[in-house]
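Before anything else, here's the structure in question.
Each chain carries a letter (A, B, C and D) given by its place in the written order, and its residues are counted from 1.
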Amino acid sequence: MINGEKGASRSIKWGMVGGGKGSNIGYIHRSAALRDNNFDLIAGAFDIDPQRGIDFAKELGVSEDRCYGDYKKMLEEEAKRKDGIEAVTIATPNGTHYEISKACLEAGLHVVCEKPLCFTYEEAEELEKLATENNLIFGVTYGYSGHQMVTEARELIANGDLGEIRLINTQFAYGFFAGPVEELYPASKWRLSSKNAGPSFILGDVGTHSWHMAETMVPGLKIEELMCAMQRFGKGRELEDNAHVLIKCNDGIFCNLWASAINSGSHHGMKIRVVGSKASIEWFAERPNQLRYEIEGEAVRILERGAGYLHDSSKETDRIGAGHPEGLFESWSNMYRRFAIAMDAASRNDQEFLKTFWYPNVHEGAEGVKFVEACVASDKEGAAWVSVK
Amino acid sequence: MINGEKGASRSIKWGMVGGGKGSNIGYIHRSAALRDNNFDLIAGAFDIDPQRGIDFAKELGVSEDRCYGDYKKMLEEEAKRKDGIEAVTIATPNGTHYEISKACLEAGLHVVCEKPLCFTYEEAEELEKLATENNLIFGVTYGYSGHQMVTEARELIANGDLGEIRLINTQFAYGFFAGPVEELYPASKWRLSSKNAGPSFILGDVGTHSWHMAETMVPGLKIEELMCAMQRFGKGRELEDNAHVLIKCNDGIFCNLWASAINSGSHHGMKIRVVGSKASIEWFAERPNQLRYEIEGEAVRILERGAGYLHDSSKETDRIGAGHPEGLFESWSNMYRRFAIAMDAASRNDQEFLKTFWYPNVHEGAEGVKFVEACVASDKEGAAWVSVK
Amino acid sequence: MINGEKGASRSIKWGMVGGGKGSNIGYIHRSAALRDNNFDLIAGAFDIDPQRGIDFAKELGVSEDRCYGDYKKMLEEEAKRKDGIEAVTIATPNGTHYEISKACLEAGLHVVCEKPLCFTYEEAEELEKLATENNLIFGVTYGYSGHQMVTEARELIANGDLGEIRLINTQFAYGFFAGPVEELYPASKWRLSSKNAGPSFILGDVGTHSWHMAETMVPGLKIEELMCAMQRFGKGRELEDNAHVLIKCNDGIFCNLWASAINSGSHHGMKIRVVGSKASIEWFAERPNQLRYEIEGEAVRILERGAGYLHDSSKETDRIGAGHPEGLFESWSNMYRRFAIAMDAASRNDQEFLKTFWYPNVHEGAEGVKFVEACVASDKEGAAWVSVK
Amino acid sequence: MINGEKGASRSIKWGMVGGGKGSNIGYIHRSAALRDNNFDLIAGAFDIDPQRGIDFAKELGVSEDRCYGDYKKMLEEEAKRKDGIEAVTIATPNGTHYEISKACLEAGLHVVCEKPLCFTYEEAEELEKLATENNLIFGVTYGYSGHQMVTEARELIANGDLGEIRLINTQFAYGFFAGPVEELYPASKWRLSSKNAGPSFILGDVGTHSWHMAETMVPGLKIEELMCAMQRFGKGRELEDNAHVLIKCNDGIFCNLWASAINSGSHHGMKIRVVGSKASIEWFAERPNQLRYEIEGEAVRILERGAGYLHDSSKETDRIGAGHPEGLFESWSNMYRRFAIAMDAASRNDQEFLKTFWYPNVHEGAEGVKFVEACVASDKEGAAWVSVK
């Protein structure tokens, strides 16, 4: 149980790029990182508008000399300091992730980056290589993977309680773009243009979360072939607002993934069901404190977060006891806690520890980019099967 | 509200082939047909074993001279009588449906046949043609389509309350075959052999129900292209025990259909979600008295069977008032009631009425066979897209 | 599993009083009794209007000479016949139950009576005595008690799986009378007048169902003391439209019962939770195919009707297999099946069998009347505790 | 929407008594208070063991000279400072709340105290009087009342959307004490002794939460009379482990409240249903992001936290958008945010603002104590009705 203790033995010295005033995602990053003092926010370049960024940094209590107008300046100045930042979170528009991540890695800093990591797999591989070669932690914020019941699912599967894994059905399907929202809310327009959002809208935005959830629950999962049918239901949309993907994975595992922005009446709609030869599990991100565990031939069981019968590794991140609901903030906090633990281990060069320690990392981020690339390629060929290596 | 009144002005004179002693499906047919006196059971050839069939017919109260040892005899003898049967239900093994249906139609009888109607689309077309040309009603027992909330869904969609229809996600995915059940229960073996079950196991057995549900809720739905990936997870199985089908339909409607016998921990698992540009509906056959109605931007509504706010056509088949659950027997009863109404209209040659009166008919049965044939063809080509005409 | 077999070795010769044309409850009685030929409907006095009753009887296929204009005539004429009826169902207005039941018993007939059995416990005792002394079966239609999962609950409790029983929380709380429905639907007025409905509206109408459910699940349950607070929320109502009852039972079991007609937004609302020292069970009559089984310290389990893991006595009345929903009609059918079995045993004078065979009987009906009487008495004394013997 | 902004214009200077190392409730207080910088933790006497308290304060980053060994010292020293604390949270054992609260108020500090506020209503009144006379804010941590959907319920009711309020059914019923836990976990023993826990176990511990929830949702709710039946199911328990309370409130509102520690299989079990003449609402604290809104005669609606259709005052505290679950930490954060706003207003002596600004305050805490006192008195008289003034 977490009662305010840091994950690592110390707080990580931390800066942010983006996520400025009024940004909800910036707030979520800070809420998660600062929780239980896993990170200390001591520098930041929070805004594309330098002055606004500096003002906001001050509001957040960053000392004046470390409130920066742009990230390059931050990297330059922090590098000169003995107490310079060790890690940077990047919460800027998608199109800038690659460039900023690269610069941070080259500056010898650990990175936490929003997803999608970048727009091409080539770029992603480069970032992964840079991180690996420089012994740097590179976390990607697949924020759902920190839920306690996701850990529980992972444990059940790793223990073989489901038997051999056969099927994964997963979706992230909301309805906000069912109508012509880009006309009503111009701020939402960028998501639908390849220039700003990359080669895909809904798969890149949320389909990658669903795929990552599958990877998290089923360790070792790899795509071998996939096919993807994309649709553009909203009039005049350049990028897809709905997509269905069928995936052949290693060990004969078959996956059906649905990503949608036009699933009318659904708010968020992230669900996953993993079917094994003995049992299935099912999880719905909107009721994250419950995990259905369905053993064939037995009564369905509803596992509850925090309950005594869960695996120790799940309960380790418990903050409040069974029956009291945790939410998405706790999931993010758990993820950032893992980032801090990994960064601390890297700074001690504890490769032994890092070999088995799991957190949503640049490799998984790169896999997400590869997944989207393959989906786009499949769709272009008329939703044909394409190999993924 | 139905308070015991027949659907038509009279009871239909009815015989059965198959569905003998110990057959659960035979019992379900009789429960549905005899309810509210929509049919009178006056003849039958209930068993492959003539004497057992005759004995069972007597048990059911059929008069001695109309208890037959085989269906050919029944057709022959009944044809000689003034008060001979008008309609026959066929509840025999799948491989015999075509032959018996054909004989019944040729004898000038209305037919109700279990699904799958037959093994090839060619045969199905022939049956459809025979029925049409002879002004005979040919019902196929898609037994879920009679639920009151299915009618309600159909009405909402027909009224445009969902806007334009975009997506259909449907599944019929149970877990009974997750383990090696064919070894434990030899009686289940026939389902896995093409000789007895036709070219497909799970798609023919239950996938056709899911597709039919889609057709029922979205009138006018047609397959244009589909692709199907089949799996055989159980060792040594000839036919598929799991299948995923993606379907491009008319008007840009896209459908994702999952049929499974290895969905561990699930009993029945028939669900359907229809997504329109304004709203979605969702129905789960295991909780059939509720229909989720989700208007984008509004609170989800749970519509209840029997409630005053439903459409009149839905409430027409209500037997017990809102809050009191109806089940699958009522769904079947409603279906058989429709068969009786249609047969009565056909006997009066009321083509005007029949033009708009809906019941699960031979055309829909033939569409089911075509659907399975296309799925098998797609799978054989490596889950490639195939056109369906 | 029931596949059309009668419960007893023969069908019971049966007549009805009341439940005429347009009566939904009459339809439900016939649907249940005639199912699987447990009863043969061969006589009836279905209506207060003799001619309407006779016409309706003919419609139902009763032979002309046994279509009666009133129940007295029916008792008189049937008594003269060798093939006269053995059993009568009474589905008339509440105020007539006592008189007709008594007459039927005195005519040596088995009785099935709607609840409330009568208006006073004195009358109820007299009926119980009459039935017992004459070796007659007297069933009372507590129609929810026939659900398969109610049997399962009873078995779990009888087996000690819940430990010692401590608490029962039960409700039957719908909302139809939240507004001034008696003005909008004059047909509903009688329920609110003591002259027609007896000393209580909502407790007599549905609270007795809830209490009976408790008795059914927890065999041997007895009231020792109770207190009842009644309310009349609708303006000008003579009888209560809402009531809360606290009950001290034998063995320290405590029960909290809520009956309501003004529970806005709820259709039916019958729920029961039984809490034991080791586990609880919970059942909701609107989703009758599921039973929550909650062992303290373990994950909640959802037991499913028809599943292989249920007790044999529960599965005995299964008609359709797990995953296919049954509804209220099946519950009633199971109840009537038990009536037939009991009547058949009584006609063979098999007292040994009847000693342990359970069905909702006149004693339980009398307990319901006593319960209501005690509630009314408590409320009159300002919701004071009253002893119940 | 909250994106990291403080509730008030400034952070409140804050100290804590109790809630030391290993205390989960202490952690929850700090998580809530420090969120969004509503409070600055600058002093503390965290432990009954002075040195352990001082060490823990240091761990939390409190400056060395403000880490105190006991609360008296803290009050004394802080009073001498210009930058002394303005507010204190008390998270000590129940028996000490009165004494410490009083001392803090006398020292001119705002107070946040755990519930139960104290053991007698006389003490509670004294505290309320002290706070009022000295213009001090006194918050009581009814931590569930901060949930966004609780605010939404309050708004719906205040707007008259439910019509006139008639019934409140509420429960807080968990199962942890079903077995002899006091033997297995000696740390839980104190709850069952009047010396440590006050005159009641389960009503004081959680029943007060349920009653407070009722008060929060239905503004102006007052108890006029109540009756309470307590049980001690666990062998040898001095205090009750289960209680049922019936409450007659102002305006004819009737409330049925159940508090339990022996509700086997339930984790937390806080539920509330408020029934009005037009509609009901229902909320379950374990799925706090949904609120059922049931208008009589219409389909049930499931309102979702964060949705655009909620009242502005509900959405004001939104941190993450609809579909992303919030949990109990957010509820506590919202409550502490209200404390900060109130304290800030009090320090500006803005009585006008405070007149209408709601937060769970000492008056509500005192009402909770009065409620428990009345329950205990009723139970002693054999669960008789007692007046409450």
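Definition applied: a contact is a pair of C-beta atoms (placed from the backbone, for glycine too) under 8 Å apart; a residue touches a chain by one contact, two chains touch by 3 or more.
Values in this document were obtained by computation on a predicted structure and should not be read as measured data.
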Report which interface contains more C-beta contacts, comparing A-D against A-C. A-D
Using C-alpha centres only, name the chain that sits farthest from chain C. A
Just the number, please: Cα centre separation of chain C and chain D in whole Å. 44
Chain A-chain D separation of Cα centroids, rounded to whole Å: 35
Roughly how many whole angstrom separate the Cα centroids of chain A and chain C? 56
If I count partner chains per residue in chain A, which residues reach a count of at least 2? 266, 293, 298, 300, 304, 307
Provide the residue numbers of chain A that touch chain C in the complex, in ascending order. 293, 297-304, 307-309
Which chain C residues qualify as touching chain D in the complex? 162-163, 166-167, 169, 175-176, 178-179, 227, 229, 231, 233, 242, 244, 246, 248, 252, 254, 256, 258, 260, 262-266, 275-280, 293-296, 298, 300, 382-385
Can you check the complex and tell me which residues of chain D touch chain A? 1-4, 21-24, 26-28, 30-31, 35, 37, 60-61, 174, 266-269, 285-289, 304, 306-307, 319-330
